[in-house]
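Following: one structure in structure tokens, then a few remarks.
Just so it is clear, A, B and C label the chains in written order, and each chain counts residues from 1 on its own.
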Amino acid sequence: MEIVEIKIKTARTVNLQNITSEIQKVLDQKDSSIDTSVITVFIPHTTAAITINETYDPSVCSDLETAFEKLVPNIPYQHVEGNSPAHLLSSLVGTSITIPLKNSRLDLGTWQGILFCEFDGPRTRTVKIAR
Amino acid sequence: MEIVEIKIKTARTVNLQNITSEIQKVLDQKDSSIDTSVITVFIPHTTAAITINETYDPSVCSDLETAFEKLVPNIPYQHVEGNSPAHLLSSLVGTSITIPLKNSRLDLGTWQGILFCEFDGPRTRTVKIAR
Amino acid sequence: MEIVEIKIKTARTVNLQNITSEIQKVLDQKDSSIDTSVITVFIPHTTAAITINETYDPSVCSDLETAFEKLVPNIPYQHVEGNSPAHLLSSLVGTSITIPLKNSRLDLGTWQGILFCEFDGPRTRTVKIAR
């Protein structure tokens, strides 16, 4: 196994982006055949996360963006940067997922796509893939 | 490592089901001794999830079912299928978990069981196990 | 791969503790060079969890503790032990994370630390590391 990094740019404060094809591209570029049956996608940020959800109807992503923002409790936060809601959502959604492979391809369900979750953008972000 | 699939049937819209013994059975059926120290359980659906929690007192599962439904923000959702709450819960609970093994058996804590989380049932669902 | 256990003591009912250096110590102690590119950290408890978040400003952790408690829906829970909110938070935050390694060291982002999440303390708890 080895770790590969990709960069992505987010567009808004809260912004879900489908990165399925970028992840598959990393699998395709490997010289030798992939010798594992899973990959791990890891986000090295504390105000972003990674999830899997429906990417067929774009309104699922926009509904998730709205619901995530609404989920954050309206309490006085102490962290001086003012982005504690983004830190909370990062921990609720999570920064690592492990995905099965089939013949070196992502073995996702019919409606599933891999979604980078920006909670404090817009920024340029890093995604680590252990393949 | 290899990927094995099992099927389960859910009974209600929101329905947590203990699938610990079904997962252990998949480990038991392997011809050769298992050469990894972890397995990954992956859900290939966008309105379901996988978690680990107490399976000793059944009221923990029913409390979780009620709390999950209550957690969903009451906002206007755009997704035409009307099941955005199920998509949200899928991303909050998550679709993959990685579990340590000890002598080819699930190395869970005393009170832990593996719970399939249905959020848009009843349906027949698939669970993928990378062993 | 092999499974190693460490023990930690928590101080309050809801208590996030930075265990990054304890996890790195487990990696450092391995006799042979580590042959994987990821480790999995697993919590064998049903009222605790594991996450990664900012550990630089301590107010992030205290904000998370407050927000987690506030997030729990105020509904009548049936579980006789009365700690259903802790079970809920365990499933929302999750009990396993998989982290990439670089030269046998945790390959975390600049601001990231590994946080044990106690939701029903104070207690002595176990953390399992598959290295």
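Quick note on the criterion: contacts are C-beta pairs under 8 Å (C-beta built on N, C-alpha and C of every residue); 3 or more make two chains touch, one makes a residue touch a chain.
As the structure is a computational prediction, the values presented were derived from the model and not from experiment.
In the Cα superposition of subunit A onto subunit B, the rotation angle, rounded to steps of 5, is 120 degrees. At the interface between subunit B and subunit C, under half of the residue numbers appear on both sides, which makes the contact a different-residue one. Between the Cα centres of subunit B and subunit C there is a gap of 20 Å. Each of the following residues of subunit B touches two or more other chains: 71, 92, 94, 98.
Note for the complex: subunit C touches subunit B at residues 1-3, 40, 42-46, 71-73, 75, 77-81, 84, 87-88, 90-92, 94-96, 98, 126, 128, 130. By the touch criterion stated above, subunit A contacts subunit B in their complex at residues 36-38, 51-54, 57, 59-60, 62-64, 66-68, 70-71, 92-94, 97-102, 107-112, 115.
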